[in-house]
Amino acid sequence: MVKVLDGLRGYGLIVGMWFRSTLAYRASFLLTTLGNAITSWLEFAGILIIFSHVDQLGGFSVGEVALMYATASCSLGLADLFLGNMDQLGARVRDGSVDTMLIRPVPLFAQVAADRFVLRRVGRIVQGLLVLGWALAQLRPGWSVLEYALLAGVIVCGAAIFGALWALGGAFQFWAQDAAQVQNSVTYGGNRLLQYPPTIYGTELVRGVTYVVPLAFVNWVPLLRLLDRDDPLGLPGWVDFLSPLVAVVMCALTALLWRVGVRSYRSTGS
Amino acid sequence: MDGMAASDGMDGTDGMDGTRGTVAGGDELIVLEELEKVFRVRRRAGRFRRTRSEVRAVNGISFTVRRGEMVGYIGPNGAGKSTTIKMLTGILTPSGGRLRVAGIDPQHERTRLARRIGVVFGQRTTLWWDLPLRDSYALVRRMYRVPQARFRENLERCVELLDLAELLEVPVRQLSLGQRMRGDIAAALLHDPEVLYLDEPTIGLDVISKAKVRSFLRELNAERGTTVLLTTHDLTDIEQLCRRVMVIDHGRLMYDGGLPGLYEAGAGERQLVVDLEREQPPISVEGARTVRVEGPRQWLAFPAKASAAPLVARVAADYPLLDLSLREPDIEDVIARMYASGDGGGDGPRAAEVPVAG
Amino acid sequence: MRMSGLYRAVAGSSFRRYATYRVATAAGVFTNTVFGFFMSYTFIALWDQRPGLGGYDQAQALTFVWVGQGLLAATAVMGGGFREELQERIRTGEISIDLYRPVDLQLWWLAVDLGRSAFQLLGRGIVPVVVGGLIFELALPTDPLRWLLFGCALALGLLVAFALNYLVALMAFWLMDGNGLNMVSNLLGMFCSGMVMPLTVFPEGLGTVLQWLPWAALLQVPADVLLGRYAGGGAFAVLLFPLLWAVALLLLGRLVQAAATRRVVVQGG
């Protein structure tokens, strides 16, 4: 527990340093913030363009798809904000920064997570929340407090699953330093996948992201329950509530692999 | 001025540590017993085949360093110096053997150890590139939880001795290499570490910066009793700073002792430096071996007890000799010789990068 | 003539340099293929409901997806080309050394970038299209003339891509840190080239405007040439579009380069 608090404190300190570093280049800071805000909106514009031609996609309305988009965006945004630079661990191993991190009295995980922190990543979360509001205005689902709480839970668990995948990929880079791209296809690719309803994809693909890489638990599985839709895989009802368990298992797995990774860290041959 | 060390012992953490009992005596700060690091490497052999092999970067090294010692740790590239330092600081996990620094096992209590050691890597900086130097120091204060008064005192001292006053408000990216190195050394000392590891602290520095760094380290060691372990390629560092030298090659400790002893160990040979009319393949003459060729100049090593006269005559008879001089052994040759004689094993990661043809 | 030999050598060594990044290439192919899959399923769902949308049948729409994924690395719309390298040289001031060399800065980097894109066309372009073709029904032509025209459109498109990236990179002379601009540039590249969705599917007014902007030369035009949207003489005429943009942007690049160089000289490098 002390270690966790130490880690959080160190994380905060380093994040502060990076934040001030980005302010050293003001023009670029403004442009990237702006760029980040527009990027996420363009993604959503793609969905709106599709719905300018059709009323339903895979049997889902624009409001329902927007809900999927929004939850995926918020979850990814949260994971990205806190662990965003995990995918760069390989590069940090190569340029020797990991060595300098390991001589500081802060857990390595906290330092890698805080590395090159940029506040503009908040942009994606804000945008996700705005789309979420829009989607709910479209759907007018008439939910009770319980269901809204469930929705919040979906986002948090989703963030944990995305975060675990990110860190898992990061830990893997202790061995394979060029694997950042593969990791991105799971996280950013997963985000792209989950923005659309599962019914448009082949069953094999949906099975894959349910049983192998449990992306489906980020938002699909619980959202289908919330929207009163059938699960395309026909899983039993209680599976809809498994997201927290999946998140915990993923995090535990990640913690384990991270430890092994640090243990077998080889540094750069200098 | 051992007050620092004493106050550190009193915080209780030392005594509680179960490992303490096996480390004899209170003043043995660093203890290595048969320390090993084995890397498994996979090499491409042909288009698809890969062979696996083991490289013993550190192959059973034992030594102890007492509080307040200043030790030079030298050896050629790939000898295992950096690997040892990285194990001592907790960056790398040892493959075998035992290791204690201030009673702490670096592998299992890395962050606790980090508060008690200072590390400076010559080739990379721990300072914040885009921020003023002062900001990096403020981070150290908070990260290591250095009490405000203590921090101010330490900073003032470093600023004075390392000549940093003008640089505190300058973004690190605008500092010269020498300025940055001084800044890095200060950053490693603000939390009163008991041990300071320096990996190539004078690499790439100009003469004045080198002198400044050295005099600072001397003072630090003399006044504060900080233990210093430094690796370097610059033997002047060692000559000016260290009373004790350890030479490592192929992952093994080749020599551990005082500087005079090192000279003695290598005094077995002298060198004849000959300038020929033109470039030639290495000279071969009886009673000497060519150890280095640089354009028309060649270095011949021969036993120190032998007379140089017949050797000179032989060379002059067979080769177009222009000029010659005799060199008594210096520390560099001594070490070069040690590397050469350790070459027999030949299973090390890289060939010794010393100017020895044999 | 000796100079042209130099630039050929530069391009060649750039090609070989990228060829050594094997793991990164494989990882990139994997990512392109994964995204190709996700986009294909979305497009299938869309074209199932609206056959002929944007003037494409489903097979053509899927071809658009996979050709786009195949060209993503070669056109460097998402970065990863020479741009970051040049910006870093400008930021660290090493650029002043380059300016004293007896080579033309723009041609030098053009050679570097063409070498890179040639490799990425082969290394990152072919596999995704082949995988896409094995899983989905694509509308790849058999007519060699059309492939030849596609090759021409693609070559011109790569020139336009370079010219755009060169302009962005040079902005580092004024901004110092290029990250922000790169991000905006990647964004425009992805959206306006048709990588996200064919420009003909965009809302009418917007779609028409985007089809006249230089980014259309990166994917929209080559893909349309490949899919046979331009018959007979029209196929040759459409090549004028990337050609004119390439010339205009390369000239603009020279102007900006001259201004930037003056700036370095005034500042004393």
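Labels A, B and C are assigned to the chains in the order they are written; within every chain, residues are numbered from 1.
We take it that contacts are C-beta pairs under 8 Å (C-beta built on N, C-alpha and C of every residue); 3 or more make two chains touch, one makes a residue touch a chain.
As the structure is a computational prediction, the values presented were derived from the model and not from experiment.
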By mean Cα position, the chain sitting nearest the middle: A
Centroid comparison with subunit A (C-alpha atoms), farthest chain: B
Subunit A and subunit C: spacing of chain centres that average the CA atoms, whole Å: 29
Approximate Å spacing (C-alpha centroids) for the pair subunit B, subunit C: 49
Whole-Å gap separating subunit A and subunit B, where each centre is the average of the chain's CA atoms: 44
Junction residues of subunit A, two or more chains touched: 25
Complex contact set, residues of subunit C against subunit A: 21, 23-24, 27-28, 30-31, 34-35, 37-39, 41-42, 44-46, 49-50, 53, 175-181, 183-184, 187, 190-191, 196-197, 201-203
Subunit B - residues contacting subunit A, complex: 39, 78, 82, 86, 89-93, 110-112, 114-115, 117, 119, 121, 123-126, 128-131, 135, 139, 142-144, 171, 199
Interfacial residue positions of subunit A with respect to subunit C in the complex: 25, 27-36, 38-39, 42, 45-46, 49-50, 52-54, 56-58, 176, 178-182, 184-185, 189, 192-193, 196, 200-202, 205
Interfacial residue positions of subunit A with respect to subunit B in the complex: 3, 6, 10, 13-14, 17, 20-21, 24-25, 95-97, 99-100, 102-107, 263-267, 269-270
